[in-house]
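Next come two complexes, and both contain chain A; in the first it sits with chain B, in the second with chain C.
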Partner chain A sequence: MTSFVELLLSGITSGLIIGLAGLSVTLVFGIARFSNAATGDTMTLGAYGALMGTSLTGSLLAGGLIGLVAGALSAILAYLLVFRPLQNRSPISSLLASIGVAFFIRAVLGLVFGHDQMVFQMDLVRPFRLLGVRIQPNDLKFAGVAILTLALVFVVLHLTPIGRRMRAVADNPLLARVSGIAPRAVMFTLWAIAGAVAAVAGILLGMKTVVSPESGWDMLLPAFAAAVLGGIGHPVGAVLAGVIIGVAQELATPFVGFTYKIAISFLVLLLVLLVRPRGLFGKIEGVR
Partner chain B sequence: MDAYLIAIGTIAGIYLLLALGLNLQFGLTGLINFGHVGFFCVGAYTSAILSTKGVPIPLSLAAAAALAMLAAWPLGIISIRLREDYFAIVTLGFSEVVRLVVTSEGWLTNGVQGIAGIPRIFRAGGGEAQAVLMLGLTLAFCLISIVAMMRIVRSPFGRMIEAIRDNEEAVRSLGKEPARFKMQVLLLGSMLAGISGALYAHYIGYISPDQFIPFVTFQVWMAIIMGGVGRISGTIAGVLILMFFLEGSRFLRDVAPFIPEVSMASIRLGVIGLALILFTIYRPQGLMGDFTKR
Partner chain C sequence: MKLTRRQTLASLGLAAGAGLLPRLALSQDAGIFRIGALNPVTGAGGPYGTGMQKMILAAAEMVNAAGGAGGRKFEVFAEDTQTQPQAAVLAAKKLIDVNKVQAILGTWSSGVSLAVIPLTNEAGIPLFHCSGAPALSVAPANGKKLGYRFQATNDRFGRAFAEIAKKEGFKRPATMAFNNASGIGNTEGFTRAWTAMGGEVVASVVYEPAQPSYRAELQKILDAKPDVIVTGSYLADTTIILREWFQTGEEIKWIIPAWAANSELVKALGPDVVEGIISVDSISNEGSPAFAAYDAAYQKAIGKSGLGNVYAAMAWDMVIVLALAMEAAGPGADVAAINAKMREVANPDGTKVSNFAEGKAALKNGKINYEGASSILDFDEFGDVTPDFAASFIRKGEIKREYQVKL
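And then the complex of A and B:
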């Protein structure tokens, strides 16, 4: 029983990370209307940015903020150079180009930092017990950061004027346009948020495990699965779905082994598409 | 004939089979298959495992084609009716899961160490005769596929799949069910990938999971996009460009040995990525494509 609870807690933490990545996918999908395969490698970029920032400033917090800014800037740059020229073409063009962006980011990271795994220098903290359940204080911190990030995104989306405009564009781009909402500010904000959220996910993943040029790409499938399960374009759904997938992965590990973790998210993806293609909270239109 | 040219020709033929399958799926029908390497991998491992266990090679080749199709079938059932980018994500996930399976099921696939000593298809004669025969067999498969593609393009089936690519709603309103045709195209393309994988396994003689990464899929994508989507001549041209690039990057290592192999891998990845971006933005019709369309 206690080991079940421990797996559950660990699953919630990794699920929040998946949820952040899924949130980035789903935001881009809702507003820019394509599946962004560069999300995983933006995560990696954020993690390397944070590693560099940490060794420069000596503080994990400052390093993390540098990684976050790096992720946001790279996403804005990708928008300006790649996705904006493609915005009036089929979403397939943008999807294909986003694979190109993903490969390019990974290639640059591989050339600059090499292919050896890197780790964040973090203090080792002894786990403590609560009612017999072993709790990793670091996991709690990661979950806290993830929840704080999510809260910030939802504050921006629901309590600020630019957030209201973003939701209007997501809801109906033409109606938003004729209502006088300029797409430019909306798109810049979208890409900044999507890049920053992906970067935070990458940094947390890097702190929880290791950082290598491939680590973000491997998160792409769970991130997509979370976005689809949550109902693509639905931010709250993506986060909840991420937690569900994270918990499912951890709980399945004793049965299927560590290597098949990613296969769990594929299974979830197939099941959702088979049973309920619009996801938990998705709108009915536009899926089939 | 120069042994080097024979080797390049064989590899080019293997890539061409992959590219012809993808061109049928994406170029003619509009299916976004991001997991082509998964079917290639299924074909390679099927034929490698069966033939090392003593099954005759013609049978193991047929099994490779059949198993690749069998793997594609459930994917098609689940995702072919859904939006096109869902199909892309599902196939990408499929290829990653295939790689996971061949990595972890060591009892069957020998795990990360891979399968060595896969028997060659032609065992008689000297090394050069074997190589020429292998090249001939690969090119024969390519030729059959090319002729089949050309007939498909001119057939009612070909007009139907091109109509599906151009306007699925219109096809549906005429009372035809696009999903059926898409499924057939998916299976045909997977069969080509399976055969290509089997030829690859027997030609190289050694396969391991790290040869079947998504990068392979997108090399093929780059080839068909560069050459010109939907055109057979474009597919051939694209594969030639891809081979030129891959071999050129090998020569670059000979000229500049101070570049470590891992950096070279990163450079290849970056160039393919950049090519995907630039071609999608500036020349989506490819080098050989229709100049008037965009």
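And then the complex of A and C:
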């Protein structure tokens, strides 16, 4: 039983990271209307930014903030140089272009930092026990950062004027436009948030594992799965779906074998979509 | 399209000329044997690849200086595998189709060798490699018996792990393997050897690469209460697994291959986490005259001791064994005839030799047995060798070799 609870906790931490990445995918999908395949590599870029920041400032927190800014800036840059010129073409053009952006980011990171793994120098601490369950302080910190990030995003989306405009554009771009909502500010904010959220996911992943140019790309599939499962374009759904995937992977694999870990997340996806094709939270008209 | 008479003549002339070209190339060829040095200069094999390539060049130069092998001199074409199968296949295609090499030497990771060997088989030329995957011993990969392995197989690594686990007095080992041919080869080799000694493996896990967490995998292993965990793993996954293990607070020993338990791992995790880990590597034929010759060449080319790069010693031996086989096969021998001489010049019974010039002279009086820099270099029926192993312990952040293991 205690090991079950421990796996549950571990699954929630992994799931929050998947959920953050899924949130970045789903935000871009809701407003810019395409699946951004560069999300994974924006994560990696954020992690490298945080590594550089940490070694420059000596503080993990300041380094993390630098990584976050790096992620946001790179997303805005990708928007200005690539996605804005393509915005009146079909979403397929943007999707393909985002794969190109992903390759570009990965290649530049490989060139600059090399392919050897890098790690965040963190204090490794032994766990404390609560009712017999091992709780790892670092996991609590990761979960705290993830939840704080999610809270901030939802505050921006729901309690600020720009957030309201973003939701208006997501709901109906044409109507938003005739109502006098200028798309430019909305798009800049969207890409900044999407980039920053991806960067946070990448930094947390890097702290939990190791940082290499490929690490974010490997997370893209679970992130897409979370976005789809949550109902594409639905922020709360993406986060919740990420947690479900993370927990399902950790809990189910001891029974079905670890080789099928990745398959589990897709099995969950399949089952949910069979029962509920629009995803957990998707609106019916949201399904295209 | 309309052709004038002049254009027609010109194109006919060109075609005829082109037809002559290969023959021209062949006629220049008589005294040259072209080899490809296909090494991991960048990527995960980067720390070893440059040294390997330089040793292939240095050994080829030495053979040429001794008058060449079988009347021919080596010409070396160097390429980088980037330690990636895709890049390696492109480079191998170029070496075979454009440079027309007659042997490829020095591929390193199993993934790369498994990707390249179909091409060398197709071209009918040998591939000398330093990869561990057991699949490289047998058909289809080695169906034509053109593949030679200068490194221990993962299976032999597993046997060495079992010897060390026994010597250290462990009773309840568990295994964790990265899901590829090399990782599983290690732990299966260990399990086979360990159960043959009458032992029991209490738990085993095969895990997937690039996961955000290996907690569930670890939990399964730890639930079986092992006293040591034997891995077939790489640096990145080992880093993640050890970090998660340390944070569970369980006390356990580890036996890990040296390509994962190296100074990078110590740097990534700090001395506390890695304290007491046993790192196992195959070692060169240290103390042999061939090793001394290689070491001198390595010092000259790289400026460091040859002890630090076991793969460069293998690359050195590759050229010398090939040259001796060419010498034994005689002038103008084709690749098949040279291949047939490989075991004859490297395996026991003949006069022991430790460099090319010595071997060339001794071949005039009968059979020879090249004792290499990387191992005594006796190929079994699969083209595999059995080097010696060393167990190193990580203490206070330093990796120190404590004893050797002979299989």
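Criterion: the second predicted complex is superposed on the first by the 274 of 288 C-alpha atoms of A that agree within 3 Å, B and C clash if a C-alpha of one lies under 4 Å from a C-alpha of the other, contacts with A are read in each partner's own complex, and residues count from 1 in each chain.
Just so it is clear, a contact is a pair of C-beta atoms (placed from the backbone, for glycine too) under 8 Å apart; a residue touches a chain by one contact, two chains touch by 3 or more.
Quick caveat: nothing in here was measured; it's all calculated off a predicted structure.
Aligning the two structures on chain A places chain B and chain C in a clash. Legend: residue contacts after superposition of the two complexes on their common chain; A:125 is shown touching chain C, with no touch to chain B. In the superposition on chain A, contact of A:210 is made with chain C only, not with chain B. By the document's definition of touching, of the two partners only chain C reaches A:6; chain B does not. By the document's definition of touching, both partners, chain B and chain C, reach A:259. In the superposition on chain A, A:104 contacts chain B only, with no contact to chain C. By the document's definition of touching, both partners, chain B and chain C, reach A:115. Contacts of A:92 after superposition: chain B is touched, whereas chain C is not reached.
Comparing chain C and chain B on the residues of chain A they touch gives the larger count to B. Superposing on chain A, the segment of chain B with clashing C-alpha atoms against chain C, chosen from 116-124, 134-142 or 278-286, turns out to be 116-124.
Once both structures are placed on chain A, chain A residues 115, 259, 262 are touched by chain B and, in the other complex, by chain C. Residues 32, 34, 78-79, 81-86, 88-90, 92-94, 96-97, 100-101, 103-104, 214-215, 218, 221, 225, 262-263, 265-277, 280-281, 284 of chain B touch chain A in their complex.
For chain A in complex with chain C, the residues that touch the partner chain are 3, 6-7, 10, 13-14, 17-18, 115-117, 119, 121, 124-127, 134, 136, 138, 205, 208-210, 212, 214-215, 218-219, 246, 249-251, 253-254, 258-259, 261-262. Remark: chain A residues 34-35, 37, 82, 85-86, 89, 91-93, 95-97, 99-108, 110-111, 114-115, 213, 217, 220-221, 224-225, 228, 257, 259-260, 262-263, 265-266, 269-270, 273-274, 277, 286-288 touch chain B in the complex.
Put simply, chain C touches chain A in their complex at residues 42-44, 46, 179, 205-213, 215-217, 219-220, 223, 235-236, 239-240, 243, 246-249, 264, 268-270, 272-273.
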